[in-house]
Amino acid sequence: MKWAWLAVVALLLVLPAFLSSYVLSVFILIFFYAFLGQTWNLVGGYAGQLSLGHAAFLGIGAYTAAILARDAGITPWAGLFVGAALAATLGAVIGYLGFRFGLRGFYFALLTVAFAEIARIVVANLETTGGALGFYITFTGDPREFQFPDNRPHYYIALALMLLATGIMAWIERCRFGVYLAAIREDEGAGEALGVNSFKYKMLAIVVSAFLTGMGGTFYAFYYLSLQPNTVFGIPLSVDIVIRPIVGGAGTLLGPILGSFLLTPLAELSRAYFATGRWTGVHLIAYGALLIGVVLFLPHGLYPYLRRLVAWRPKD
Amino acid sequence: MDPTLVGQALLNGLLFGGVYSLMAVGLSLIFGVTRVVNFAHGDMMVWGMYLALVLAERAGLDPYLGFVVCAAVLFLLGAFVQRTLVQRIVEAPHAMQILLMLGVALVLENVALVLFGPDPQRVPSPLTMATLWLGPLFVDVARLVTFGVAVLLTISLYVFLFRTMLGKMIRAAADNPFGARVIGTDVHRVYVVAFGIGAACVGAAGALVSAFLPFQPASGLSASVTSFNIVIIGGMGSLTGAFFGGLLVAVAESLGAVFLAPSLKEIVSFSLLILILLFRPAGLFGRRATT
Amino acid sequence: MTTSRVSRRAFLRTAAMAGASVAGFPVPLRAQAKLIKLGAIHPVTGPLAEVGQLQRLGAQIAVDTINAAGGITSMGGATLSLLPGDTETKADVARTVAERLINDGAVMITGAFHSGHTMAIVPVAQQRRVPFIVDISAADVITANVAKSVKEGKQKTQYVYRIFPTTTTFGRLAVKYMTEIFRETKASPKRVVVMFTNDAFGKPQSESFVKAVKAANPGFEIVEVIPYPEDAKDLSTEVSRVKALKPDVLSPITRPATAILLFQELARQRVDLMGVFSPGAPGLYEPRQLEILKENLEYVLSSTVWQNVKSPQTQKVDAEHVKRSGKHLDANATYTYDAIRVMADVLERARSTDPDALVDAIRKTNFTGGIQVLSGPIRFNETGDNEHAATAVIQILKNKPLVVWPRDVAQARAIFPRPKV
């Protein structure tokens, strides 16, 4: 089985030679959102704590790297880690407040939303971040500034991020941390009774998740070169982050990847074919209907369903 | 700080709170009974507004009368959503329920976009410019009437839930679904009615504000977020909580606009939300949360 | 009503070409007549949909008009084909859409209204060497950043140009026109209060206005600047503050939805003003706004982008606009229409779709056929901006927006201060 995965990765590595810049840009989105979904997966899927404010971590990472580059001349390659560290700090704060005070389920989700919204409003009103106008990065195409003359390096970076996050999740799954998380997710009370320090491990999950998402923020900033507080901290982005792993299968290793490979091209295709003419908006209706369909028929996500399907095949 | 300004802000906040309350009451009912977080709540409200617009333009019906029709239609929509969609995923993980309602929200928003176009709308009503002056303070008659109707609707709902058979069944099913089934209540039907009523509330709320609040298909999201805020602050599943929570949040935002910068006024409600989540998650009026 | 619904043959053809281009193969051109594709990227869905849909309409009208007149004659009567894209009012979608349209063969693109989205398209235009003639977006940095990059040697060629006025131009002209109109109507307002929607347009617009007032030192001063949230549901507090300041003139920078709230509130609270004079913002003159606000919008002045109502060509475009959408022409479709016309002019002179030939032709542009208000022919300066981009002052008179200044494009006389009710 392992060889099949290596073959897939090898294929992904050589694809840029054959694909147009547009298709590459779609792949970049697939990888990037799979990466974000995977980082969310740690908190939302494995630890079972539904976060709907993950965009805040992305936003902090993005703005930090962008501001450091403009005002302190620090290359985004280094700003990447500063941004991630700041995001992780916010993660720690949210985690501490949420977990110390015993917030679960929807209540925890709303806490994350509240922090993301506050962050959004603050950033939209600060001069340093450009306020409501947003933050714009000059296009230079210079690799030292985390920019490139064309898409391909972005493709590889996005792919690397996706593989990195997946690798980390695979490793966590296997080690004790992963086992504890599963215990916390399934039945926190029982886990506690058996001596699992759920607070410590939930904190670890959110901090690591926030750190990684923050790294993604730098990628976002220097790929789009345009940051808007409403977009980068907004609920729609948080929803976009969350949708792919949920559809693909939250708490599974391949869930976010499957989800992204399914949803991202679908969004793109429906946009390309329905968004012209009078029927503007139809593509989003189709997208919404698709989400409803997935929830009704695949309530645990795509990956568990496929696994069961495969399990039905007679073994030789 | 000009006391007139503060007084006006207080008054305006209070009046607007009536609407917030009605929105929150609907959401609270839905969550309290079906345990589903209605992420399409704001979009249902927007549909209430569009229906009011259609009624006003096609049938010449003032929104302050037409809200009844809007409530009825939204009742059907809510019941439909519960019956055909939500019911099927009662056992599904929380995340899936949220995703479902998000899908519904997307569909509602974009059907509105296709049908009505993207321009901001407002429903004409003779009450819109009517103003009462109380000394240096002015009262926006439209908002006053909205406040009055919202309070009336909330009281009616209260009466319904505590005095009628169906209402009591709904409350029983909310408190103890298993027990309710044991005594023969058709819990599914109860859920359908509850969701319908919740949607009717927010549809009526939409119609009632449509005369003075410009709306577009994209207005749904912020209305949903506001509703969640209020419901948590007031107390999930508590009608009184939703009612007073609505007033409180509206006044807090209004005062926030006066004392802080207007752009920052939402920070007030979110900060309040965080404080409540941490120190009193059942909300100001809620019962001890049973997860 | 004409729809741009894709015909079945066109759909299949596009699908086949899309299939070929997905694999990255060069898309073969049609044998009969040369087809030149122009991309138009606008927010057709989402919160800015009202504007985006009109912009797309403007583009389509321009393409149809040019084709009906024989297409690009210097290239054998080549036909223009419009490739429309929807940004969904999101920057990341804008970027992907730009990539897709370029992949589908667009040789030049226009768009995208919201400065943030336009900025997201800039790197794509630079990377893929596709000239990007911005139709509507005011943020100075859009072109300035690229020009700087080229000057510092980090980029070889500038592919981003703009026909719309920059925020600096908006501010400068607003102050100039205000001073001139006050002089003309013999009024002398002293206290001005600025209100702005705290969003990507409102903020820089208000800053530019404030700066321009400081620089020009006219007879009036800005006593307070009041921001309000872009999704405000209630402006009564803000308007109360305005009332307490007792200004002579209110200068609001709005969005359509907030404009509705604002003017209702001003009327309700009976705020006494000599007049309302906006340095430029949507929401103060559109048909639907006039329908909703009626007499509350009467006498409101805006220094804003507008079409040149005196030109017969504008009237023709307006007629077509009404035919296709039921709405009259406004600034949104105007600028996109002009952007496409400029592109056609560039193609005529370049006689090729090669990027360098196009850029060369763009730099030499001296286009006099624009239907927007201009202070001269469309010419691009070293930053890439239209040096003759201009605004005009319109006033709502008898529920209609009429141009009242500058004199050479005016349809009516400005009335200031507004008559007491």
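Each chain carries a letter (A, B and C) given by its place in the written order, and its residues are counted from 1.
Everything below uses one rule, namely that a contact is a pair of C-beta atoms (placed from the backbone, for glycine too) under 8 Å apart; a residue touches a chain by one contact, two chains touch by 3 or more.
Since the model is a prediction, treat every value here as computed from it, not as a measurement.
The chain with its C-alpha centre at the largest distance from the centre of chain A is C. Compared on C-beta pairs in contact, B-C and A-B come out with A-B as the pair having more. Centroid to centroid, with C-alpha atoms defining each point, chain B and chain C lie 37 Å apart. Each chain gets one centre point, the mean of its Cα atoms, and the points for chain A and chain B are 31 Å apart. Across the assembly, chain C contributes 45, 49, 53, 198 as residues in contact with two or more other chains. Touching two or more other chains at once are residues 110, 113, 261, 263, 266 of chain B. Shown for chain A are the residues in touch with two or more other chains, namely 124-125, 279-281, 284.
Put simply, chain B touches chain C in their complex at residues 2, 4-5, 8-9, 12, 16, 110, 113, 117-122, 124, 128-129, 131, 138, 140, 212-216, 218-219, 222, 254, 257-258, 261-263, 265-266. Across the complex, chain B is touched by residues 44, 50, 52, 97, 101-107, 109-111, 113-115, 117-118, 121-122, 124-125, 235-236, 239, 242-243, 246-247, 250, 279-282, 284-285, 287-292, 294-296, 299-300 of chain A. Taken in their complex, chain A has these residues touching chain C: 18-23, 25-26, 29, 124-125, 131-134, 136, 138-142, 147, 149-151, 223-228, 231, 268, 271-272, 275-281, 284. By the touch rule above, chain C contacts chain A in their complex via residues 3-6, 18, 21-24, 44-45, 49, 53, 84-86, 88, 90-93, 95-97, 99-100, 102-104, 115-117, 119-120, 122-123, 126-128, 139, 141-142, 145-146, 148-149, 152, 154-155, 198-200, 202-204, 230.
Contact residues on chain B toward chain A in their complex (touch as defined above): 37, 85, 88-89, 91-100, 102-107, 109-111, 113-114, 217, 221, 225, 228-229, 232, 261, 263-264, 266-267, 270-271, 273-274, 277-279, 281, 289, 291.
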